[in-house]
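A quick write-up on the structure given underneath.
Read from first to last, the chains carry the letters A, B, C and D; within each, the first residue is number 1.
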């Protein structure tokens, strides 16, 4: 069993980068020189992103099917690296002023991404589980990073215990599936089920898998951790948690449910549809009552998870395409919004929506980006979110029309609470009219996310086509 | 032939007895863990649970795993827990592990879950019969672990690094001005 | 340059977009800089468009094989929308015309709008309008075209209501927007039907499949419905009866806007669109007759109104409506060539007259009643004489531009009648009568405003060069633009035609008739309004036939009828609906809103902050999920379990 | 080998241990006790894994290897959890989970 190292370029270089950042941080003595770590990681990540894009066509599997490299993994690798780059770029100000341990911060972020990437490529449950845990443990550390802040620690504690519980449930499910299907390899499970290896325990295992992954993607009713952790965590971490962790778990969800359990599709699609509906309902309705913008965005992200789950209900190539497309555009809208939030927090020390009064006068760019990002999340044409929702919902028009109606109604409802923030920003007079100066890297991030959201809304075809190709290749490779 | 059969029967019933003994001590220990009011006692019962688990692993021909279980859990985790308890629990230890009101819902909930999984498990048809696990598992495990599962293995290595940095970060002393030493 | 222009035709609309963005985001505080940016971009766009047009008209290949390129815009399985560019002689002509008029109007506006507090914004809007209009012209796809169609409507709305402090301007803007919306709704339905039935919205593809509609299982009735629905859009946009009411009111906007949008470009978009979709209309003969009838009727109807109006811009507005009716009539009798020819000449002479009228209003400080003007030609020679050129052109005096195009329309209508369409004679009569009336009302205006005794005694003087220069350019064009379509050198119809190229013999008799009609109109106007110093005859005529006069002056009471309709019927109905709305619908809606909010407030408290409550809910969900799953799968289980 | 035991025994045993763990996690006030309960649940998972390994994939050792990793991760979780509890105890002066309600609603 030889290892084909060419398939592992991203993983190996990411691990090396993480360890280098770690070592550099230990060697470099002065606090001031530590500030260069962010730039260093950024450069390294850009190189890795380029490498990953360059090895797009490099497909195959290694270690006897335990580790896969296909278009699907490449797509999500690019997604998570893009997200990480944007997060680091957007949060330099915040990190410099709010976080003191740069070496741990950057290396842990990189290792979390490594965990995600291992998850995408896992061909068996063991690799999958370890990737997942690497990601989760890294996020726990990151969530409690502002250890002088009681809220941050509380969020960390909540995330640790709840994630631990959900991991245990997920593991129990994995172990039952292993027992019922006789193997830990995703592909072989599909084969064995097709041959009639069928055991009622498989059903129990499947339910637990849904619960475990549902926790990670913060789908209702497994979402309860999300608002608290999102609020307590340092804002850039929240952004990455909302984007990266969610996208990674969706990728794995697709890999496992379509890769292993396509045969049993009719049993789980209905349940997924209910989860999607519940997430949309709870996410959108609870978001109404929030006064803290991070909590509001957390509930909105629960709703978004519901929308994305719709693509999984369809369980066909259009559905996968929808999930991939939406996950990608969601990166830009979310990071744009959270970058604004972290910049505002950095200057005003508050996350209350009321303190966004007059932001349009104090920092027009930030206000516009928040506006566009939220309208995109609400699915207003011609922004990217509209196209994404269109691709998702169109897949279930045939079989789950009620889900489409629910989604549309709740999207309209969501406009209300998004616009509330917009009203505060654009209509209300600021308490302190002094201009709020954004950091240069943060402005760059905002421009990038803004451009991406607008571009992908107006001209979605290249990304849609790419996602389509990947989805077709994915289904063909099953 | 008949004698051989008897021998097998003998072995089977021994196996059965061992299983029930271990299962009994395991579950008793576990119940004590969650019901005892003294946290130190809970941690001590946890050691019982871990040893019983190791016994079950041996019954399932997983001797290396049993050794790991004893070393890591009984040796490492439990001592860590005891230290933890000592560090944070300064008041009366006898009432250190109270139960909250949620047990009223939690008890029927977990009971139902157990019944459900147990019933399904008891009724499951098993496709394969038990195979023969090779003796001396460590010899077989080592190459598999380090060759086939090299990626998870490396992932665990990094995981430990992350966790270690996290732990160090969290428990570092904090000066009065809010800056770390 | 030509090669470049052909390959980068999308730059033509893009340049004004860029100038719009630049003005809005960067140069807005600096008025002169903003107008320079707008004019610079427009000039670039015009140069590109003219070299493009040159390329198209010098290369006969384009007549049969339009230049078409597109890229996939959005889509999914079974539904693809391509955004693209379609260049054929018709769109090349439009590009040239639109960019030229827009350029001239922008130059003119630097004088006309001088000192306006929203000067920069005005140029931004003009740029956006030009961009949308140019985009509409080159769209290769109906959906894409519809987006631009709406965008020009939006710009029109913004520009009509540009003087936001005037209530009438705001009202007019609303009226325009809502009236055109009625048509757009029909048009959108038509587009949807086309997509559903033919599965494409690409113009070239539609042109290829629609003739085979019967094989595709589309009934004639449905196709007729599609055509009529589709026609509603142009009816509203091009001010055809009965949706013409917004166009005269739209004159509340600044005069350059009236010239650009409500005379030369946007209002002809409807004609252009019907021309583009003629392949649809010819398949349904009934719909063509409707088009022709509406066109002919509108032409005559608007002309009779224009005869008695007093406000200078209103006369011109009704004249525009009437001329648009001419163009529709030409389309209705099946001649794309004549229709677009008239569109082309009309753009120049009507823009000229509007701009000249603007110059007059500028000098008179917005006194608009023609009866209070007189003898202005001595004070404002350039404005006056260019207006006279425009008047000659629209009246149809050879060799001015309007003569050739109007003659062409009369000719095709006559031939249409002769080929067995009995209604054709009626159309012809309408058209001929309109020609007479047109000459009459325009010259009535000219005699009242520019000749006769001077009335305005304040300091009237000629407008600055920035305003007279475009007048001169347009006057020249009004003189010569028709020469490319004379019956002897009929270049026009070899370039732009639908079906076989029309190559009729010059019909001298018809030419004579139209000249006679025009001269008769001018002569009558001269007798009534110039020779007769006191205008006694005109007044007594109005006194003698008060019913007729009032009917015309009050625009056939159409506005009143609409007002009555909206007041009594709609408002009455609305009152009922209002009560219904307030108590029932609002109750339900507010109830729902309250419910949503309330449920949000309630759900919020689920989030107790207690970690173990979250865990409890998590495990409850796990239990429920497992049970549901087991129940759900019981059958599958029995089925699959049996295989073992 | 037709032993007296079949996987069902082990699954039922692990289900019992698992649900006891859940009960503990839900009903104990103390954070450390909840951490311990999670360890019980992971132990239950390991019983399943090792049992299935014996019965289904004795040669490939998938289950045992999985279990080794689970043990490692579980130990990591305990370590990190204790560190967090100590940090929280310093900041907020409590180990009772119900006191952690700054983040709510």
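As a convention for this text, contacts are C-beta pairs under 8 Å (C-beta built on N, C-alpha and C of every residue); 3 or more make two chains touch, one makes a residue touch a chain.
Keep in mind the model is a prediction, meaning the values are calculated, not measured.
Engineer: What pair of chains is linked by the most C-beta contacts?
Structural biologist: Greatest number of C-beta pairs in contact occurs for B-D.
Engineer: Just by CA atoms, which chain is the most central one?
Structural biologist: The chain sitting closest to the overall C-alpha centre is A.
Engineer: Using Cα averages as centroids, what's the distance between chain B and chain D in whole Å?
Structural biologist: So the centroids are 7 Å from each other.
Engineer: What whole-Å value do you get for the distance between chain A and chain C if each is reduced to the mean of its CA atoms?
Structural biologist: Chain centres of chain A and chain C, defined by C-alpha means, are spaced 48 Å apart.
Engineer: In angstrom, rounded to a whole number, how far apart do the mean CA points of chain A and chain B lie?
Structural biologist: Computed value for the inter-centroid distance: 32 Å.
Engineer: What's the distance between the Cα centroids of chain A and chain D, rounded to whole Å?
Structural biologist: Chain centres of chain A and chain D, defined by C-alpha means, are spaced 26 Å apart.
Engineer: Quick check on chain C: which residues sit in contact with 2+ other chains?
Structural biologist: Each of 604, 607, 609, 611-613, 615-616, 619-620, 622, 626, 630, 641, 644 in chain C touches at least two other chains.
Engineer: Please set out, as single numbers or ranges, the residues of chain B touching at least two other chains.
Structural biologist: Only 100, 102, 105-106, 109-110, 113, 116-117, 120-121, 124-128, 149, 152, 156, 159, 163, 166, 170, 174 qualify.
Engineer: At least two partner chains per residue is the criterion; list those residues in chain D.
Structural biologist: Only 7, 11, 18, 21-22, 25-27, 34-35, 51, 55-57, 65, 69, 73, 76, 80, 84-85, 87, 97-98, 100, 102-105 qualify.
Engineer: Testing understanding: with touching defined as stated, what is the shape of the graph linking the protein chains, line, ring, star, complete or other?
Structural biologist: complete
Engineer: Taking the complex as given, what residues does chain C use to touch chain D?
Structural biologist: By the definition above, chain C touches chain D via 604-605, 607-612, 615-616, 619.
Engineer: Under the definition above, what is the set of chain B residues touching chain D in their complex?
Structural biologist: Where chain B meets chain D, its residues are 12-13, 15-16, 19, 23, 26-27, 30-31, 33-34, 39, 42-43, 46, 49-50, 53, 56-57, 60-62, 64-65, 68-69, 72-73, 76-77, 80-81, 83-85, 87-89, 96-100, 102-103, 105-107, 109-111, 113-114, 117-118, 121-122, 124, 126, 128-134, 137, 140-141, 144-145, 149, 152, 156, 159-160, 163, 166-167, 170-171, 174.
Engineer: Under the touch definition given earlier, write down the residues of chain A that touch chain B in their complex.
Structural biologist: Against chain B, the touching part of chain A is residues 1, 3, 8, 11, 15, 18, 22, 63-64, 66-67, 100-101, 104, 107-108, 111, 114-115, 118, 126-127, 129-131, 133-134, 137-138, 140-141, 144-145, 147-148, 180, 182, 197, 199-201, 203-204.
Engineer: Mind pulling up the chain B residues that touch chain A in the complex?
Structural biologist: Within the complex, chain B touches chain A at residues 116-117, 120-121, 123-128, 147-152, 154-156, 158-159, 161-163, 165-166, 169-170, 172, 174, 178-180.
Engineer: Which stretch or stretches of chain C touch chain A in the complex?
Structural biologist: 71-77, 596-597, 599-601, 603-604, 606-607, 609, 611, 613-615, 617-622, 625-626, 628-630, 632-633, 636-637, 640-641, 643-644
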